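Below: one structure in structure tokens.
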């Protein structure tokens, strides 16, 4: 049994079904890429794991059945989400955003501002007035502050300057080396994913259509499922 | 002097002690794509806000087709020929894709003050909207509610709405953000063809796209333009590499 | 008009402002912080006053009466949060308006059903009754001074809670994005029940304290509700400091305009029309104040959002 | 045909059938009751344009309702006492002629809505709710102390005003008149919702920034919607005053603003027939529950609560399904 | 058979007044135990438009002959003119605004209670008798408030230390009390009905200003005295009725009311009771469908009023005494006792204006 085990996951938005059978496993220390074209169900999978929408199928994390837990209890098992579109708490300052949901552990204010010095400089600014990239850093910092065992990054490098993206990727690499945090990454730049991910899972129309080691990813497959 | 479509002259804007724009003068010429790049928080969106009228500069001027538009409101600037896309999608979520596009067509044709005839029944509005949706690849989704679109599809719609305006100049804030690899590739191709219609001021972090598209690049750091030049010039500029590009180029 | 009287009226204005703050405090918490339009706040105020009057009548103890007011209102608050309000956080403000309007009907007539149609008796405790003499020879009721004290304490306590504690941060975060804060591991539902109960308890406390110098009757909460909304809107929703300043402004305006405007008008016109015109305008004064503030600053004096 | 369309048609048929039913069962008062429901529905239909399409949560619509009422009250008062309304600079006499009264109601409501909108639309959300309430309270207190026209006591008009070709004293005829106006307004609303203006207004509620970016001024769209909305509610006020042959400052009260809003929410915000469903239900509840117990407000409260909790989208939502239909 | 429609306030804030009106009225009706009179009762929620609607209902559907029961002047103004214009009789159990006493009087309209100004006039007369020279007067800023101060001044001969109109529904009177303190007044007259009066009296008692206070009976009525408590003891108020008025009808009424409802009756109950008895007396004399005869029968006022001597003036408003009462404590209960008569056989100021 894996750390996170997702089997035949289904989910719907009202009457329209978005997931038709997603399979996905992650083990501690692993970095897995979740890939697919726009609208194929990557974010929906993440929302289902975090119990933000109701879902069917197997959903287990750290030996617990996630279906039985409300969103906040699932999170406390060690899920750290960086959501699509950032979703910082607009009316809170940067520092307050980081503190609001922090849980004790290695990651604290000091370590996060070390990773993103920009957040330190802006720590008493309202997050609504941050630049897009700054908000993205804040969302990552916020998730790290919960000291997750599984970090989920949904388009975490969207809108970041190349130099910062590199920093984030190297931070992920460091996380991978130094901790046994499991990481699930959704991102669009294949080259960058290849640097850090161990495995990849491809979604098409709400279904897992391919999964395997990153090294086994052929141009053929990527052409077919992500179009490059 | 070359003819310019859009230009800023010495734009300056502060938020408290922070100088988000410091004496910025840039211009956009016919047929070109002028990319603005720079670290996060450098002031790119702030600059765009001032160009489009949602922010008022503390000093400086904005000119469109040689006319000073600094004192015009956002909607007046849009009518004067400025088509923009937002960094974070700004769409009417409850409405359908087609309705969102028609909104743009309506604004462009000044037909918003009709109270009786149905908007969707207006041939010319509809043709215009559908053409734009077709071009960004949303033709199959016209009846979908915007809230049901994926993130990437919303980004496409964002561009389509700007298209319906048939503007004199496009101002795009990170149009690639959230698009998948394939989507970025397609949009890159699309923008490439769009420059014939109207020049584009493009803010983007996707360097593949910027390097593929830009005729000129300006680099903004801490509210100041530190360099303007061709792709090659910028790529090899050490200051730019240090502040922004890192190893990636 | 003597200086002493003017000072006394300014004091009255401040005091009525603090009293208003006491009423508005719970509402600020619920409306400002949780983003919920709770029209039934006035009902909780009424519940507090009735509970206090009933317990004071039975035991003769004002302290017990206050405790009863706090407990009854908090309980009522917790119950309606769990049974009704909880289902409405995700829906828009309008559903909240209708639901809490329905709660007003239920509470008002329910209270009348239990306590009858006649006003109840609740008096100032002996230890606090009667006037004291302030420097300058102003005679001022001790109880009102005590109200000022309680109001200031509540203001300070609330400000600490919201601005300086982690719970406060979480509450505000929840207002921005409930789904997100839950996904990050905070049990926002429980937190909101607590906050709602706290807001209700404050309303109940205000009802009991103010009930001692006013009339404890069915429907007493509604005029107060409107005033409390005026206060927090002037101050800027979500700001405890704003609510406090707003309350003082409203208290001063209401008191001073009512007293001085007729006098001022008498300088220009006959006494009778001056009195009536003066008091007509006075009754509109706080609304005029509110619209001026909002026209000048569309999100109140200390409102965070534009 | 969608379920909502069917429901709307049934509602309309029901309203048309009311007089027949009243005659058959010899309950003439039913017509008065139905007239009340229709007029309240009209007032709510006015608000529904601002609220449902434009997202303008106005807690001050009683202002327009009251203006309509006082337009009727003042004109008829002068007509029945044979005193001119104004002697300088030009002589204006009172009148008992409904079209003139309506014209006045509409014009004054429009001006008031324009001015109030101009000042209020800078604010949003709860601030907008409260600033509109503030204007309502100003009018309310003004009316209370306006002793020329009865102050708090209001004004009674002895005989209902005239409409050419009708005997308005006959309940059925007056009812028919009110119903006709309601239908006209609903048709107008239905067209408006699909018109370019409606589309733009709807978008201005959701994303003002987008509307601006395509060259329209959201503020102006909202202001126009607010004026249209105020005018309709004002007209309803004039009819309501004529129904009761009485006007008083309670027409301006915030409770009344609240009640109009409750009607819209109860029926279904933004639904074409929402105001009608809401008004009919509310008037019926008020009428029938009142007979059962002295404490009928408790039951009214419980019913309203049930509607909010179990019928998202009000009564129309309950009957016709959640989403507004798009086609 | 006669059908009577009672429209009164039975829910919400003002319900206690309507409930007493109804209970007093029904006490007399049930006491008479007749099967030729039917009463229908409806709740107006204290809203004028609801009252009008109920009147329409009673006229159109119930086909009543007589309407009665409205507590508030503004509701009466909404209902009475239209009802009498349609040929119905209206007997007022309480509200009696000046418009309906003067130019707007009607042969089908009778006020059994008083004319609105009466109690204020009584208070003014008492203030004069008591030798007050410099009174501070206050009332809410609405027509009844303005009428009340006018009524007071009509019979008060001293100077005014101040005249203040407060906000309708105001609950805090600290500012007015400070004005009173500073004004050098020797006494205070106030008209603040309902909760306003309770608040004022409690705050006044706590302020340390101890000038004598006079007011109309409304703020000292049985229903609200208990809520005012000690603060009211000793205050003089003017009333046309009191439970200790010494006459047979009153003794019987008070006893019967207490027995039936287990509380002391209020002035509203007394007025309701009188109204019912007046109506019954007229029914015995004339056919309700014969307007002129029935009006004449009513006007005779041939019934035993709990207020003792009672007759109608030319404008169909009572001629009666206005008494001065003092608030006392009887055991645990606060109540009133008569201490004098302010005006004897008093009618009202609008008789001459009424052309009937």
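By written order: A, B, C, D and E. Residues from 1 in each chain.
The rule is simple: a residue touches a chain if its C-beta (ideal position, glycine included) is under 8 Å from a C-beta of that chain, and two chains touch if they have at least 3 such contacts.
None of the values given here were measured: they were computed from a predicted structure.
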| item | value |
| --- | --- |
| Required minimum of steps from chain C to chain D, each step between chains that touch | 1 |
| Smallest number of contact steps required from chain A to reach chain E | 2 |
| From chain A, the most remote chain by mean C-alpha position | E |
| Comparison of B-D and A-C (more C-beta pairs in contact) | B-D |
| Identity of the chain that, by mean CA position, is farthest from chain C | B |
| Whole-Å gap between the CA centroids of chain C and chain E | 34 |
| Euclidean distance of C-alpha centroids - chain A vs chain B, Å | 29 |
| Cα-centroid distance, chain B relative to chain C, in whole angstrom | 48 |
| Between chain D and chain A, distance of the C-alpha-averaged centres to the nearest whole Å | 51 |
| Multi-partner residues of chain C (each touching 2 or more other chains) | 108-109, 112, 276, 279-280, 283 |
| Residues of chain E touching at least two other chains | 11-12, 141, 146, 168 |
| Multi-partner residues of chain A (each touching 2 or more other chains) | none |
| In contact (per the touch rule at the top): chain pairs | A-B, A-C, B-D, C-D, C-E, D-E |
| Touching residues (chain side chain A, partner chain B) in the complex | 13, 16, 36-40, 43, 84-85, 118, 129-134, 136-137, 155, 158-164, 166, 188-190, 226-228 |
| Touching residues (chain side chain C, partner chain D) in the complex | 31, 37, 84, 87-88, 91, 93-95, 97-99, 101-106, 108-110, 112-113, 226, 229-230, 233, 237, 276, 279-280, 283-284, 287-288, 290-291, 294-295, 298-300, 303 |
| Residues of chain E that touch chain D when the two form their complex | 10-12, 42-43, 47-49, 52-53, 56-57, 60-61, 73-74, 77-78, 81-82, 85, 97, 99, 141-144, 146, 168 |
| Chain A residues within the chain C interface of the complex | 50-52, 70-73, 75-76, 79-81, 83, 87, 89-92, 96-97, 99-101, 103, 126, 142-143, 146 |
| Contact set on chain D toward chain B in their complex | 188, 191-192, 194-200, 202-203, 206-207, 209-217, 221, 326 |
